[in-house]
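Think of it as A, B, C, D and E in the order they're written, each chain with its own count starting at 1.
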Amino acid sequence: MRLINRSPSRGGRLALAILPFALLLALYLAHSAQRLELNPNDKLLPSFGQMSAAVERLAFTPDERSGDYLFWLDTASSLKRLGTGLAIAAVAGLCLGVAAGTLPLFGAPLSPLITVLSMVPPLAILPILFIVFGLGELSKVMLIVIGITPILARDLEQRAREIPPELLIKAQTLGANTWTLILRLVLPQLMPRLLISLRLVMGSAWLFLIAAEAIASTDGLGYRIFLVRRYMAMDVILPYVAWITLLAWAMDYLLWRLTRLLFPWHEGAKA
Amino acid sequence: MRLINRSPSRGGRLALAILPFALLLALYLAHSAQRLELNPNDKLLPSFGQMSAAVERLAFTPDERSGDYLFWLDTASSLKRLGTGLAIAAVAGLCLGVAAGTLPLFGAPLSPLITVLSMVPPLAILPILFIVFGLGELSKVMLIVIGITPILARDLEQRAREIPPELLIKAQTLGANTWTLILRLVLPQLMPRLLISLRLVMGSAWLFLIAAEAIASTDGLGYRIFLVRRYMAMDVILPYVAWITLLAWAMDYLLWRLTRLLFPWHEGAKA
Amino acid sequence: MSDKKGGTGAFIQVKNVWKQYGDQVVLERLNMNIAEGEFCTLVGASGCGKSTFLRLLLGQEAPSRGEILLDGQPLAAEPDVSRGVVFQRYSVFPHLSVLDNVALGLELPRAPFLGRLLGRSKRDAREQATQMLHKVGLDHALDKYPAQLSGGMQQRLAIAQALIMKPRVLLLDEPFGALDPGIRKDMHALLLELWRETRLTVFMVTHDLSEGFSLGSRVLVFDKPRIDPHAPGAYGARVTYDISLHDGHRTPVAADSLPADLAGPFQTAYQGA
Amino acid sequence: MSDKKGGTGAFIQVKNVWKQYGDQVVLERLNMNIAEGEFCTLVGASGCGKSTFLRLLLGQEAPSRGEILLDGQPLAAEPDVSRGVVFQRYSVFPHLSVLDNVALGLELPRAPFLGRLLGRSKRDAREQATQMLHKVGLDHALDKYPAQLSGGMQQRLAIAQALIMKPRVLLLDEPFGALDPGIRKDMHALLLELWRETRLTVFMVTHDLSEGFSLGSRVLVFDKPRIDPHAPGAYGARVTYDISLHDGHRTPVAADSLPADLAGPFQTAYQGA
Amino acid sequence: HAEKKKTFNIAWTIYAGWMPWKYADESGIMKKWADKYGIKVNIIQMNDYVESINQYSAGQFDGVTATNMDALSIPAAGGVDTTALIVGDYSNGNDGLVMKGTDDLKQIKGQKVHLVELSVSHYLLAKALDSVGLSEKDVKVVNTSDADIVAAFRTADVRNVVTWNPLLQEVASAPDAHLVFDSTRVPGHIMDLLIVNSATLADNPAFGKAVTGAWYEVMAIMASDTPKGAELRAQLGAASGTDQAGYEAQLKCTHMFYTPAEAVSFISSPQAYEAMDSVRKFSFKHGLLGDGADSADFVGIAMPAGKLGNQGNLKLRFDTTYMQMAADGAL
């Protein structure tokens, strides 16, 4: 049978999925053991014991000073910022993308604007952003929004243009005006794509969150990572990175399930 | 006529495209003038005169020591890194995306791996990356590669899955084996999408470049911004940011022209 | 507007219409007047421009030269609810169930803000849509999505979608191509019933000449009168025969002066039916 | 493998094949033997499962129950060069020009590494493809992309693509639906010529009964013998008539015992042609 | 566990007291000295200070520029036996606490203070609070990256920052800004060092000699009031993003040890010993010595004036041997 037609069995699929992670893990463990043998205090690649001790301390022991469980406090703060940022960016990206991709009169000014805005490196103009949004929670959320909205908007604009013109025409013969056409045809067809796009920019969103938390904050996963980086506490950083990855992956998985659940007609949902 | 059917004329389109930029510019000038009136030494929003003086100094006056024109030196270094990074990422993303999206046996291990890798914030594990790739040019290029390859790969995987199964079947009845099927059907259909995806991640690529240059480098646009940032020399930073945006936009435009030129059959090229 | 030259009172006037794509002339010098309530069937060789002509009537594309008047007014250059269409490649909304695909046409004109009806009127619309779907034989597939339908079922869905709107002008591009003879007969009956009821004007492209002659009140034959073998795109198709079938008697009328040796293709075609 | 029950030597054996999608039974209890070189035409109501049956023969989908043997071996569960296909919704490669769409089939089997021929053999392939395109009347559109073709032109392109492969088994799903009678006759001639030359086995779905009877050496009528009005998906379609047309005389053979009152649909259908 | 080798890498970051490394590299002085001892020394500029020390700790560099506090908390606490080869200067006003709208340090109580947490700024804040009888609990520390601190200070909700030069100059020059505490109040506590891997140094004395020799040759030029010295300062000013005047202003706040003798005498003094003791206690209190540390004694420190902490885990050595050789002209 041709390779392209060969699918793994259920069990085989699971085994194949786990394989690369097992390899990565083995690679890490080997290097970590090697380094720790040379220098038992080495901080770069801590052992699992060291990392679990760090997690134990941060997640299950109250902080001496504040009495908080830092790990969960950081997680809650970061998720709140990220959730708000993603929600705003999703709405803004959808509106901009639909307007630019569906309405030529809106696309003419919006499309170049979004393109150019998506190219401005936000981290380089932070001083101006501070003046506009201050240094509080708002600026952190806005950094995420500014960072990912243009990407979402451009992707959705592109997808809106890919809707077959026959369908737009058909809808008009069925009595749609511009507004209801967007409401009943364009938006529903773009919604699954929005969820897929959100999954694609999830990594970037976390990156902007971490960058934002490195700027001025007192909690958050990114804050902790940058803080302990000062003394190269990889035993804290690596579990935090793993946790961020797990959270991001869980959000990705939820969005995927959501796409399948809400848009059963969408074949792209099979991905 | 319904809004959706109304297109601007040629001239109207240009006017509409320029409009938002003109507005942004006016907004900047007004605020800049206001701040400079209050405090002539204000550095946050420099006037155009201040900025052009800075550009004059960096771009058209040789550096006293080295005789280099710093601005162009920075541009050349950055573009070289970015170009290498984008090229490697494009090839890697295409290969991974095609393999994961076309071949179920490859997709089973690759798809979850790419998903998880796309969620790891590279900036948080920099120490490890530097150990692996050293501190030279390689690590800067690799940061770009690591940052954008997973996004490209996931997008292309998604698109590969969207190729109608009838076409894959048809190609097999025409005698394609797995390899030639990828070569003659999947790759050509994904190439325009690759160019579009590259345009979408262009902003992220610059971001990673700037981050890399801010950590270990002695030239480059990101390095210069980092260097003068401590004095808050916005008269240098803003022209650099504008220049980066212009370069990124030009690359975006070139990729768009390329898509239209190389893939005239691709309707998405109209975007 | 007041200039209704060549057929005052004609519902649709096609005046010297040309259409070309790049170098290729697809349609040239089309002239015709169509009265309200006519049932025109369009026949002609594959690729000669029938679908293109329907796109012009629909307002989806604009003629390269000439103009089309509707009720004496230049045709609105955008599709609207007065002109229904069934495309050649049945295009239905992939994200709506069969029932919603049809109910949509009842909801949109009546809900200009929400785009959907609520409560009682929603139930009414769905009831009406179900009846129409019953007529096209899709009542057992109300909740399926288009991707789960067979080719013929998708085509019937597209027909139901267009018919439920009761448009003034109905444009059908090979609407019954993928249907078996039994269902096709039912569709004929359905279409004729609606046509008699509402006196709508129909343009129907078909390759089945017996269908064209039995349904239509007028048959328009598209053909390329001139062909330059070295430049196949240089000349376009015209209406070479315009046959009125009113009152049961068939009167072939050459719409243009037509060299005898070029009448061949149509003859072949007719005999082949 | 050695068990060739019910028709030793038959080229294709369909053994108690069922196909269902979720709850819906589409095909049930199909049994038939097809000799090499037969020209089977498949007719039946819209949505009864003809395309599904072709997909099973193609290896694109697997039967829910039962099996299909080819030359006594279980059917390869993947499409290959021995079975050509024209899908109901003509699917051609959008990124290749008309010429390349057809030449592809000549290049792929001969270039397992590059996927394309070079130099002389490339020119030969293009020459051969051009000839085939000439036969289907597309020689003036060699450099167009599929999106620039009319519906009928795309269909002819798909036919040319399949025919140039000279497959052992040819699966055609309403291949001539969008063609005018003249071109359709040419296509009939082309297909019959190829069939006589290479003795390939053909399965052709059609709604044009006269076409089915004039082309085929055997007509398979698909119909649902049982319908539960409360559960329309509970029963599937079967081959209710299997008519051999060998040697010019037509011998209707009921493939299954068939209640007289259910023969109706087919009768209607036949009369409607 | 090091061995004899020929090529060495040292990293430096942009800071007033470390800029001379750039000059040593570009003027060829470093090469001259390396050639003399038959080795090769690469001087590599890093922009991210913390990353440069991390890379040193991970073994990518043989030496790196660092403050005494970071030398203790990153490589030494990370088990890398480290020697402070050159004591270049101590901060004498280069670090400071700036308040908006008031010059009364006591007012800081209950307010937010923006600074790079766990850095020398944090240490300085502790000292500042100490000086008015407050403790860290009385303020809210907000971690703010050094790159953003200048811009942050321009926003209304940031009232107090602690930072270093050249950021400090920028911050303090803002209208209504008051420098209320700076490192002149804790002279010698914030030292800028070149640290090298002890094992590498032990196996390759030539490395120590070449580097020390080069450094003090540059120091001699820099201290001189000659055109060459002025040119050097102008060059280094430009390279750090300012000009000669700006750079000289920064140098004013830096107590440079232009001669090796000064450096040796400072580091051997009880003042230096006490400073180090204070720094290690702060580091332990803030968890910088790692989880393994049960007291400030966890990491052993050897200073000319005496030893600190657990000598069984001696990881940070202030070794005057090479500076002394330079002072003696023995290089």
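Rule of thumb we're sticking to: a residue touches a chain if its C-beta (ideal position, glycine included) is under 8 Å from a C-beta of that chain, and two chains touch if they have at least 3 such contacts.
Everything numeric in this text was worked out from a predicted model, so none of it was measured.
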For chain A and chain E, chains touching each: B
Pair of chains ranked first by number of touching C-beta pairs: A-B
Proportion of interface numbers common to chain A and chain B (over half same, under half different): same
Between chain E and chain D, distance of the C-alpha-averaged centres to the nearest whole Å: 81
Chain B-chain E separation of Cα centroids, rounded to whole Å: 37
Rounded Å distance between chain C and chain E, as computed from the means of their C-alpha atoms: 83
Distance between the centres, which are taken as Cα means, of chain B and chain A, whole angstrom: 18
Touching two or more other chains - residues of chain D: 78, 89
Sequence positions of chain A contacting 2 or more other chains: 2, 44, 127, 131, 172, 177, 232, 267
Of all residues in chain E, the ones touching two or more other chains: 54, 58, 150-151, 154
Pairwise chain contacts, counting only pairs that touch as defined: A-B, A-C, A-D, A-E, B-C, B-D, B-E, C-D
Touching residues (chain side chain D, partner chain A) in the complex: 76-78
Contact set on chain B toward chain A in their complex: 2-4, 6-8, 12-13, 16-17, 19-21, 44-45, 101-105, 108-113, 115-116, 118-125, 127-128, 131, 150-151, 154-155, 157-158, 161-162, 168, 172, 177-178, 181, 196, 199-204, 206-207, 210-211, 222, 225, 232, 234, 237-238, 240-241, 244-245, 248-249, 252, 267-268, 270-271
Of all residues in chain C, those that touch chain D in their complex: 21, 43-47, 49, 51, 88-89, 137, 140-141, 148-153, 155-156, 173-174, 177-185, 207, 209, 232-233, 265, 268-273
List of chain A residues in touch with chain E within their complex: 38-44, 50, 53-54, 57, 65, 126-127, 130-131, 134-136, 214-218, 223, 226-227, 229-233, 235
Complex contact set, residues of chain E against chain B: 14, 26, 44-48, 51-52, 54-55, 58, 60, 146-147, 150-151, 154, 166-167, 170, 175, 235, 238-242
